[in-house]
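Dropping the structures in below, format is C-alpha cells.
Each of the next two complexes has chain A plus one more chain, namely chain B in the first and chain C in the second.
What follows is the complex of A and B.
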C-alpha cells in the first residue's frame, strides 16, 4: 500500500511540476493555484505513504537511501508549502517543485525493500536526528533556489534586458531577503542536527565526536554557512557574493548528505561494528 | 561599528570579522584532508598505500591524525582568540545600546523612524479620549515600559527584548563552552576497551592507543553475552549481562545493548563489539607412547614437555564439508614446524622426524567474548550545556528582536497631535504587520484619518 501511495505521490508531483512550469511560461493566474493544489495533494499522498511505511516497518523509515531521499523530498515540499502560505514569493514553485520531483524520482529508483533495523540504529534519536537534518536540508535547498533566482534576475538587470525573465522573477531585494530568511532558519536547524547526532553518537558509541567523515563534513558545512552568515550579518554583504556562497554552501551540504556515504572510504556506516 | 585610526594594527587585525571569515573558510578547507586520508591507521599502512614521498608529507603534517595535529589545533586556537577579541571589541557598543534610555528622545525625531503614523486632531482631545488611546497602545504594543511628561505633551514607550543584544555573546560563548568541555574530556577523562569472556572479570580497561591498562576502581563481570539475528541473518541485538563489583560487593547488575549503556561512578560502559572465540578439544597420540587430551583456545601455544611437542590452533572454521575444522600448528624441534587441517572425528597422522603423531579433533565450541567500550568524560555535560546555549543563542540572535514603540500625545501649533512610531532590530516583516495593526487600532480611537 505504501509503495502504491508513493508512486501516486510521484505522479502528482510531476503534474504539479508541469503546472508550475506552464504557469511561469504563460503567467496564467489559475494555473499556479491548480499546481499548488496538486502539490498539496501529492504532499498528502506522500505523507500517507510515509506513515504506512512506518507502520509496516515498525521503525522510522529513515534508514536507507530510498527512504532518506523520499523524506528529503517530503521535507522540501513541506518547507515550500509552509513558506508560501506565510510569504508569497512568486515563481519559487517553478524552481523548488521540479527539484523535489527529481529527488522523488531518484528515491523511486532505489531499492525499496524494508530492511530490519541494525542494533546501532535502534534509538529514539534516529527519528529526531534524521528529521531535523532533513528539515535543515530542505530549508537550505530553498535558500539555494532563491540564490539561484537572484543570480538569474541580476543577469537580466545587468544586461539591461528587462524582458520575459525579469517580469517573472521577484525583485532582487525580495530574493536576497528571502534567501537570508531561509538561512536564519536552516542554519540553526543544521546546528541542531549536528548536536542531536552528537548526543546519539555519545549514547551509541561512547563518543560525541570522533571525526568520522560524515561528522567532519557536517562540520565543514557548518563552517561554510557560518562564514556566509558573518558576511551577511556582520560585514553586511548582500546580493551577488552571498548568493554565490549560498549556492556553494548547499553543494557542500548535499555532499555531506549523499556524497560522503557514497564516495568516501570508510564513511558513516551507521555502525562501528567491526565484523 | 566605527573605525578609529589610532588603533593598534595588531588589535585591528585580530578583531576583524574578515579574519573570522577567513579562519572559518580555512577550517572548512583543511578539514577536508582528514576525510580523504583515513585517520588513525598504523604508519606502515600509510607507507604501503601512499608511497615514500607522500608518506613524508603525511608524517610531517600529521595527516594521519590531523584533527589533533599542532597546526589544526593552532587554527582552532587562533579562531577562538579571534572570537574572544571580537566580543571584547564589540562590548562597549552593546553596552551603550543596552544602557541607552530610549525614552529620552525628542518627540520631533519620532517621525524619522522607519515606521510611523501621525494624526492631527482638529476637534481636540479630551482626557478620556487620551486615556483610551494610551490604553489601546499599551494593549497592542505589549505594555508600556516608560512614560515621560514634557511641557507640551506626554511620551510613552513600549520596549521589548532589549536584552536580546546579549544573545550574540551567549552564542559565541557557547562555542567556547563546548571547546572547554572537550578539553576537560581530554585531560580528565579516558577511553578504554575491555574484552570479556562470558564469566570473565576484570578491574581494568586497555587504552586502545597505547595498549596500557587503565584501572577502573571497580570490577566488571560479564555474566553472559547474547546475539540475536533477524530471519535474513542481519544482527538484531547484542546484549551483555554485566555485574559491577565494588569492594567485594555486587553493587549493580544490568544488561547493556548498543544505544543503551550503563554508568557507574562516572564511568560509562558501552556495548561496542564482540568476538567469537572457539575452544577446541584435541586428542594427540604419539608413536613414542604418549597420549593426552587438550582443551585449548585459538592462538595459544601449548607446550607438552613429556612428548617434546609444541602446538596450537591457528584457525578454526565451524563448517567445512558439514563438520568443524581446525588448522593446527605443530613443532617437535626436529625439522620445520608444520600446519595441518584436521576435521572433526577424522583422525589425521603426520610424520615429523622419527615420530608419528595422530591428531583427533574431538569437539569444538564457539564461545563469545564481549567487547566493551569504557569511557569517562566529565566534560560531556559541559559540552551539552554549550550545545543547548548555542541553540538558544541562535534563536535569540536571529529571532528575538529589540523592538521599541513610541506614542506621543502632544501639541503642535496649538493642535492636538498623536504620533506613533516604531523600530525593530530584526524580523522587519513581522514588525511591519504588528505596526500596521497598531496603526489601525489607534486610528479608530483617534477617530480621524491621517
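What follows is the complex of A and C.
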C-alpha cells in the first residue's frame, strides 16, 4: 500500500511540476493555484505513504537511500508549502518543485524493500537526528533555489537585457532577503543536526566524534555556511557574492548528504543496502 | 417604427492635425454646450461627445441619413473649416463599425501610445457629462457600459499596459525589480531637469520616502527640494549622501563625468554593500559607465532606458493583437443584443403566423364548401382576414406602445412564447 501511495505521490508531483512550468511560461493566472493544489495533494499522499511505511516497518523509514531521498523530497515540499503560505515569492515553485520531483524520481529508482534495522540504528536518536538533518537540507535547498534565481535576475539587470526572465522573477532585494531568511533557519537546524548526531554517536559507539567521512564533511559544510552567515550578518555582504556562496554551500551539503555515502566508506554509508 | 442607428463621427490624431481637431471641439460657444447642440439636431435621439487632445468624436443614435449630415453641418457652421477639409479627415462609422471603434478607443487600441490608460477616464467623463445632460438613452447607456467592461477585460486579460513606455516609468519599473517595494527607500537627484523631476515624482508616488536634491547652485537645490518635498544639499556633500540613498537620478549639465568608478566603489563598504541604482539621464553623461561593473551597483543611462522603452512598445503591439480579438467578440455580442431589441421582426412574424394559419384553415374548409360563388368566396376571404387582424391588433398595439428601454427584452421574450414564435422556427428546421 505504501509503495502504491508513493508512486501516486510521484505522479502528482510530476503534474504539479508541469503546472508550475506552464505557469512560468504563459503567466496565466489560475495555473499556479492549480499546480499548488496538486503539490499539496501529492504532499498528503506522500505523508500517508511515509506513515504507512513506518507502521509496516516498525521503525522510522529514514534508513536506506530510498527512504532518505523520499524524506528529503517530502521535507522540501513541506518547506516550500509553508514558505509560500506565509511569504509568497513568485516563480519559486517553478524552481523548487522540479527539484523535489527529481529527488522523488531518484528515490523511486532505489531498492524499495523494507529491511531489518541494524542494531547500531536502533535508537530514539535515529528519527531525531535524521529528521533535523533532512529539514536543514530542505530549507537550505530553498536558499539555493532563491540564490539561483537571484543570479539569473541579477544577470538580466546588470546586462541590461530585460527579457522574459526579468518579467517573471521577483526583485533582487526580495530574493536576497528570502534566501537570507532560509539561511537563518537552515543553519541552526544544520548545527542541531550535527549536535544530535554527535550525541547519538557517543551512545552508539562511545565517542562523540570519530572523524568518519560523513562527520568530516558535515563539519566542512557547517564551516561554509557559518562563514556565509557571518559575512551576511556581521560584514553586511549581500547580493551576488552571497548568492554564489549560498550555491557553493549547497553543493558541499549535497556532497555530504549523498556523495560521501556513495563514494567514501564509513559508518554512515547506505551502501550496505545499496550494493 | 424602425430601429435607430448608432453612428460615430470624428477625427483623431491619425486623420487630422491639431489645427483641424481643435476646430471641432465646439467649445467656444457660450450659448450652448456641444451636447445640447448635438441633441438639438432632429433625428438624433442620444448623444455622447468626446473631446480629448488626440480626438474629437460624436457618438449618436439617430434615425435617417439627414441626422448624420446635420452633425457635419453643425461642425461646419461652428468653425472656419470648409467642407472639403472636413470630409478629408472625418471618419463616419455606423452600427458595427461604430461599436467596434468605440470599444477599441476605450481599450486604448486607437491611442497614440497603445495601452495608455488615460483615454478610458476621458470617455467616462464624457459619458458622465452626457448622462447629466440627459442626452443618453437605452442604447448608448448600454454601449458605454459595455465599452468600459471591454476595456477592463483587455486590461486584465492581456498585458497591454504592463510594459513601461516612457523613460521615467521605465526607470521606476527597473527600481521595482531591484528593490521590490520602493516604500521607505531614498532617492537623490543630482542636478535638476524636467525629466529628472518627473522621474522623482513617479518614484514618490511609488512609495519612495526620502528625497535629496543636490545641485551646483545651492539656491536652486533649495527651491527644487521645496517643490518636491526633499532635502537640499550641495554637490560637495554628494559622497556622504551616497552612503544612505538607494536610487540616484543624475541630470547635470556638466561637460564631464562627475561620478567616477573609484568614488562610487569607495562608498560601497560604508553602505554595507546595499544595492545602489543609478539613473543617468544627462547628455553628456554624468556617471562613469564603468560604475556598472561594481558589485551590487546598477547604472542605466538614457540610451539604456530608451532601449527598454522601444522594446516595451513592441511588446505592447503584440498584446494589442490579442486585445483586438476580445474587442471583436464583444462587438458581436453587442450586435446580437441590438437585434434582440428590434420589435419589427417580431410583429412581422406574428402577422405572418396569423396569415399562415388563415390560409391553411381556409384551404382545409374549402373542401366542404364546394360550389361557392366568386362573391361568396371573396366574402369568406375578407371575413377570415379581418378575424385574424382584429385578433392580433390589440397585442400589436400593446407591443408598439410598450417598447421601453428596460423591459424590452423581457417583453419580446414573452411575446415570442405567447405566440409560439420560436417553437415554429424549431419545427421548420
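Just so it is clear, the second predicted complex is superposed on the first by the 265 of 275 C-alpha atoms of A that agree within 3 Å, B and C clash if a C-alpha of one lies under 4 Å from a C-alpha of the other, contacts with A are read in each partner's own complex, and residues count from 1 in each chain.
Simple rule for what comes next: a contact is a pair of C-beta atoms (placed from the backbone, for glycine too) under 8 Å apart; a residue touches a chain by one contact, two chains touch by 3 or more.
Predicted model, so just to flag it, every value in this text is computed and none were measured.
Asker: Quick one: is A:47 in contact with chain B, with chain C, with both, or with neither? Answer first, second, both or neither.
Answerer: After superposition on chain A, A:47 lies in contact with neither partner.
Asker: Please indicate which partner A:110 is in contact with in the superposed arrangement: first for chain B, second for chain C, both, or neither.
Answerer: Neither: A:110 stays clear of chain B and chain C.
Asker: Touching A:261 in the superposition: chain B (first), chain C (second), both, neither?
Answerer: neither
Asker: Counting residues of chain A in contact, which comes out ahead: chain B or chain C?
Answerer: B
Asker: Applying the document's definition of touch, where does A:216 land relative to chain B and chain C: first, second, both, or neither?
Answerer: The first partner, chain B, only.
Asker: Once the shared chain is lined up, is A:131 touching chain B (first), chain C (second), both, or neither of them?
Answerer: In the superposition, A:131 contacts neither chain B nor chain C.
Asker: Now for A:64: first (chain B), second (chain C), both, or neither, which partner does it touch?
Answerer: neither
Asker: Which of the two partners, first being chain B and second being chain C, lies in contact with A:238: first, second, both, or neither?
Answerer: Second partner only, chain C.
Asker: Check whether A:153 is in contact with chain B, with chain C, with both or with neither, and answer first, second, both or neither.
Answerer: Touch partner of A:153: chain C, not chain B.
Asker: For A:118, decide between first (touching chain B), second (touching chain C), both and neither.
Answerer: first
Asker: I'd like to check the shared interface: which positions of chain A are touched by both chain B and chain C across the two complexes?
Answerer: Residues 235 of chain A touch both chain B and chain C.
Asker: Touching residues of chain A toward chain C in the complex: what are they?
Answerer: Touch residues, chain A against chain C: 27, 153, 157-158, 160, 162, 166, 170-174, 235-241.
Asker: In their complex, what parts of chain C are in touch with chain A?
Answerer: Chain C reaches chain A through residues 159, 174, 176-180, 272-275, 292, 295-296, 298, 300, 304, 307-308, 311.
Asker: Can you list the residues on chain B that touch chain A in the complex?
Answerer: 17-18, 20-21, 24-25, 27-28, 31-32, 34-36, 38-39, 67, 182, 191, 230, 232, 234-238, 257-261, 268, 270-273, 371, 373, 375, 380, 383-384, 387, 390-391, 394-395, 398-399, 429
Asker: Using the touch rule from the top, collect the residues of chain A that touch chain B in their complex.
Answerer: That would be residues 87, 115-116, 118-120, 122-123, 184, 187-188, 191-192, 195, 198-199, 202-209, 211, 213, 216-217, 219-220, 223-224, 226-227, 230-231, 234-235, 252, 260, 264-266, 272-275 of chain A.
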